[in-house]
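For reference, chains read A, B, C and D in written order, and residue numbers begin at 1 within each chain.
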Amino acid sequence: MAVKTQPVTVNLGPQHPSTHGVFRMRVMFDGEEIVDVEPVFGYLHRGSEKLAEERTYTQIVTLTDRMDYVSSMLNNQAYILAVEKLAGIEPSPRGVWLRMIAGELQRIASHLVATGFLLQDLGALGTPLIYSMRERENILDLFEMLCGARITNSYLRPGGVFMDAPGEFWPALDRGLDDIVRSIDDLETYLSGNEIVFSRTKGTAVLPQELLINASITGPMLRASGVDWDLRHRAPYDYYDRISFERKLHTASDNYARYWVRVQEARESVNIIRQCIDQIEPGPVRPSFDDVPRLIRPPSGDAYAAIEGSKGELGFYLVSDGGIAPYRMHVRSSSLINLTLLRDMLIGGQFGDLFVTFGSVDLNMGEVDR
Amino acid sequence: MIGLGLPRGFLITLKNFVRPPVTEQYPDRHVGLLGAAKEAGMNPVHFLFKRPGDSIKAIAGLATVPVAVTQSSRFRGNEFTFYEDRCTACASCAKYCPLGIIEIASVPGQIDAQEGESYKLEVFDIDIGRCMFCGLCVEACPYDALHMGTDFERSKYVRDELVITKEELFAAPKRPSAFYRPQFEEKRFDPFQETIDDYHNAGRHERPSDEELKRKWVDER
Amino acid sequence: MPEAFLDNSLWRNIYCVLAGDSSTCAARDYSSGFFPAGMEWLAFLVSAAIIIFLIVNAVLGGVIVLIWGERRLFGRFQSRTGPNRWGPFGTLTSVADAVKTMFKEDLVPAEADKILFNLAPVLIAAPALTVFAIIPWGVGTYVADLNIGVLFIMAITSLTTLSVLTAAWSSANRIAILSALRSVALLISYEIPMALALVGVIMLAGSMSLGDIIAAQGIPFIIVQPLAFFVFFIAAMAEMARAPFDLTEAESELAAGYLNDYASMKFGLFFLAEFMAEISTAAIVTTLFLSGWKGFDPIPSHFWFGAKLIFVLFVIIWFRMTLPRLRVDQVLKFAWKGLFELTMINIIVTAVLLAILPNPSTSELWIMAAINWPVAIISIWGVSKLLGTAPYSHPQPDPNAPSYPVGSESIPTDAVLGAEPSNAANQAPQAQQEGGN
Amino acid sequence: MMEVSSLTTFAFWLASAMTLGLAVVVVTQKDVFRAAIALAGSFLGVGILYFILSAEFVGVVQILVYVGAISVLMAFAVMFIQDIASGSRPSQGRVIGATAAALIFAALAFTAYNTEWSSIDDITDPVAVAAMTEGYVEVGTGDYALISGEAPTDSNEVVSENRGVLVDSTSALGVMLIREYMLAFEIIGLLLVAALIGGLLLMRNPPSSSKTEKGDASA
């Protein structure tokens, strides 16, 4: 004999403190257990892909900043790679090294944000969030030195970056990397051994490998299940083939594994940046305007380039009809695709884990809705 | 290590508790007695006896000192810096603006064509309300007439007031940002401390001396 | 009846100034009173009103200071400055907040049960204030020293549940009701370990009156009864619905839980009640475990009480800043499987010790402490072992694995580690926690 | 003194009015949730009455158990009833219920009427007198329960005079439960344990639906 209960449907969002933007879920509960979830998105849709059809190739860089606004540098990088592939541009080596450094810094920043907000969703009242945001501020300061903006960077240009790093950037970067390592140590001491974090995240929202691969999930979510898939390693772009780094894997595929993989990857990014600093060579940071003019007119055709973004494979598909603007741009945004398994992760779980799981996917609504 | 995670977390928060805060206060910073004395350029004891009123205020936590926000010289602020004398009204900036918010209208200049024809700006409006400070206009400017500014305190209650006109641009203090202007960095120009009022100094090259100009333009002919 | 209160200096001073002619006051050198003879009942009423006024305002003032202090401390814990703009060191911030709250529009949802919706804030604020009636703030400074003081605290705090339920139900909001369900589960579960933790203290003191418990503390009971303190402190945090047990308000899940539909001063009352509960909890912890107002002689007792109170409040805030929230089932499991056992161990050990050493003197209390501490540490360790989770391993990739061009083939088989993720937790524990360096 | 005790009388009338008034609301209110809240208020009134009678222990237990637990459970259970605001349909056994209520009321009234009520001022019971003078009471042969506690050194007479026999009923109650009514106490305990186990069995999921085990395995 069991007591019969009736499920209740609750609307969460789009205005909710933990939806990482504007996201809406219609959730059906049976007590504290989630019976059904219906994600509703599109509240942040700005039509970036359509807008791109009206912009020149250089102008689109500013649009990519605003897709995943916590990792604009990586968005820039993916887009620029696609443009270079489409127009056959040979990038300047120093520009490539600089954009790799910027991209890895952005990856650290993005992982810090993801970790901080995951712990905020765990209910840690902002303390770990503010600690990780504090470190992110240092990275943003570095970005400001590089390109004069903190979030909407638009630093990259076809063929490299628009301006070489200033002299004071390099010592600041050295100091910043040491600080980051120290702060990640702190964060790990604070939380990785924390029993409450353990018990809240371990074993929740477990996803099988096959499901992840079939749903074409990428990034830390996939690596947390033990699939060794990192585009920096599998399909090296820029100069990642000259860098040796460890891929951090976890096999549990639960919320803790995703958190763990992100923290370790941030640590590994510091190594990558150090190698970049060692290998960077002097020279121009972008090709001359004779080689790459401001108004690029790529030949008719299409190109797809993907990088290992902070949230997974971030790809840009560009179609050119020979004009100054792309005929069509499509973004393979990992946030949207990683979101497709939301139901599989949530149903059968507890209400208290809903937003933790949601946070462990590391979504950015700007990228989901574009 | 089950059981020791929580105490270690407590130690970390306590460590941060005794650390000085990282917040930068704005627009002014609350200071204690020591800070107020430092601001006044006296030693604290001297300050205490010389200016008792201010000292009491400082001890009560009411004394404030203005804060100079430290930013990179490449900071892309609003309040563009514009040198009309350098502008040829080529409208590159307007063409490269992804949002088309720069409005330019020009008329042929009154100067004799022999001495170098140029166009005169009639209208030069930037709609800051829609600007996203990407800096593409500055990048496009071939004569270094338009620079990003370094100011960021331009909030208005009415949207229309966010349009900066040519006159406003010209009257604003000339604190150009080093964004896409490596010459400023080479000169170690600090936009937060000094201004560049002479348009000759804002270009990519040093202003040539009078002799050089004479040699180039008069003697050669 | 008033004579029962007259060994209480707070009452005596006020009452006897008003009605000094009565024989009992005359015996204590109060010669003449304000009211004529025969008006003692009026003097009693007026003095009661004065005391209530004093206590309520002291508590509300304390809440204002606490809100400011808590926000300042939050700031420091989070590497921030905290509020510092309004008044000296930001002290007027909470005053400004209070004014703002009062002038906000008072919204009532159309679907709400108006009567209960308006009643709920009162229902929550009244018990929160009532607790302060029995707290001894210093020598002779209390409204009443009930001989069932500890039980009284339990009874009054249990009323909070009802108000939360009323608030949630009347606002006709599903999220609020979810919050109320959690609240009921939480409060009812934690009342039991909380009450049982106090049994050890009551047994040692031989009384439930707070005054007697303070008198019995030759050394603070936190030293004699570490296990009871541990359980009581955690249970009290849960009763307050403070982090890590803030399931009812869980802002990252339920937005504000049962407070979702409250605005203006109704919300303000809930807010006040929450902070009053924090102060009263700290005061009770101080009284029961930190020997209340006892201290060295030259410093007055009220100062001692205040200092200990502030220290306990600091620890509560520290907890709140550090710990993430637990899930509902874990919270309940923790209460029933963890704290309940600990209290039982504590009761048994204390009972055995008291059978050996009845009416313990101070030195005997030290002996008890020497026995209780190892018991506490071993039992807490054992319980955490029972409830904890085991670490699991992180297999590392082969650094020499070849690269594959994107899109040329499906995921290579060697890319897939650990065939069955569900088995991963059962694999050999430990290994490269730091990542194979 | 007279006037102050008339304050007590006033409080008594107030609490009685609260108890009875809210009880009437419980019966007449259509909305079940409101009725449950009113019932809690009524229980609270009864608790206050106990306080006025100096039975503080019973009063506190009344609040703790009835207001803090039973009312909450009632309100909680009410939440599971569909269509609360329209109220429940009239029950079939109204007459029987009314008769039972009337009979119980009559029995209580009869008992109250026939009891010889004594005030503190003219206590004749030797146990109570002993308690007032000695500070302890004999409960069972050879066992004593402390009643008035230690009197302040400066005002011995005043305190022992005014803390009556009914003031510290807690320890007396405890001793009584453990010594004289041991069997009843144990039986009640057994009954409660049985009820607890029964409740657990009711709430247990049938073993077939293993889906909900998922959340359990996590922690």
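Here is the rule we go by: contacts are C-beta pairs under 8 Å (C-beta built on N, C-alpha and C of every residue); 3 or more make two chains touch, one makes a residue touch a chain.
A quick note: this is a predicted structure, and the numbers were derived from the prediction, not measured.
Novice: Report the chain whose mean Cα position is at the greatest distance from that of chain C.
Specialist: B
Novice: Just to be sure I understand: the centre of a chain is the mean of its C-alpha atoms, right? Then which chain's centre is nearest the mean of all of them?
Specialist: Central chain is C.
Novice: Taking the mean of the CA coordinates per chain, how far is chain A from chain C in Å?
Specialist: 41
Novice: Suppose each chain is reduced to the average of its Cα coordinates; what separation in Å results between chain C and chain D?
Specialist: Computed from C-alpha means, the inter-chain centre distance equals 26 Å.
Novice: With chain centres taken as the means of their Cα atoms, state the distance from chain A to chain D in Å.
Specialist: Computed value for the inter-centroid distance: 61 Å.
Novice: Measure off the straight-line distance from the CA centroid of chain A to the CA centroid of chain B, and report it in whole Å.
Specialist: 31
Novice: Which chain A residues touch at least two other chains?
Specialist: Residues 127, 131, 134, 191, 194-199, 202-203, 350.
Novice: Provide the list of chain D residues touching at least two other chains, using ranges where the numbers run on.
Specialist: Residue numbers touching two or more other chains: 215, 219.
Novice: Out of chain C, which residues touch more than one other chain, so two or more?
Specialist: Answer for chain C, listing residues that touch two or more other chains: 77-80, 181, 321-323, 327, 329-330, 384, 388-389.
Novice: Spell out the part of chain C that touches chain B in their complex, as residue ranges.
Specialist: 73, 75-81, 84-85, 88-90, 318, 321-323, 380-381, 384-385, 388-389
Novice: Touching chain A in the complex: which residues of chain B?
Specialist: Within the complex, chain B contacts chain A at residues 1-6, 8-9, 12-13, 15-16, 22, 71-76, 96, 98, 132-136, 139-140, 148, 177-180, 182, 185.
Novice: Can you list the chain C residues touching chain D in their complex?
Specialist: My answer: residues 1-4, 6-7, 24, 27, 38-42, 44-45, 113, 115-116, 119, 146-148, 151-152, 154-156, 158-159, 161-162, 165-166, 169, 177, 180-181, 184, 188, 191, 207-209, 212, 327, 329-330, 333, 387, 389.
Novice: What does chain B use to touch chain C in their complex?
Specialist: Chain B residues touching chain C: 2-3, 6, 9-10, 12-14, 16-17, 19, 21-23, 25, 30, 60-62.
Novice: Show me the residue ranges of chain D that touch chain C in the complex, using the header's touch definition.
Specialist: Residues of chain D touching chain C: 1, 3-8, 31, 33-34, 37, 40, 47, 56-57, 60-61, 63-64, 67-69, 71-72, 75-76, 79, 149, 152, 155, 158-159, 162-163, 167-168, 170, 215-216, 219.
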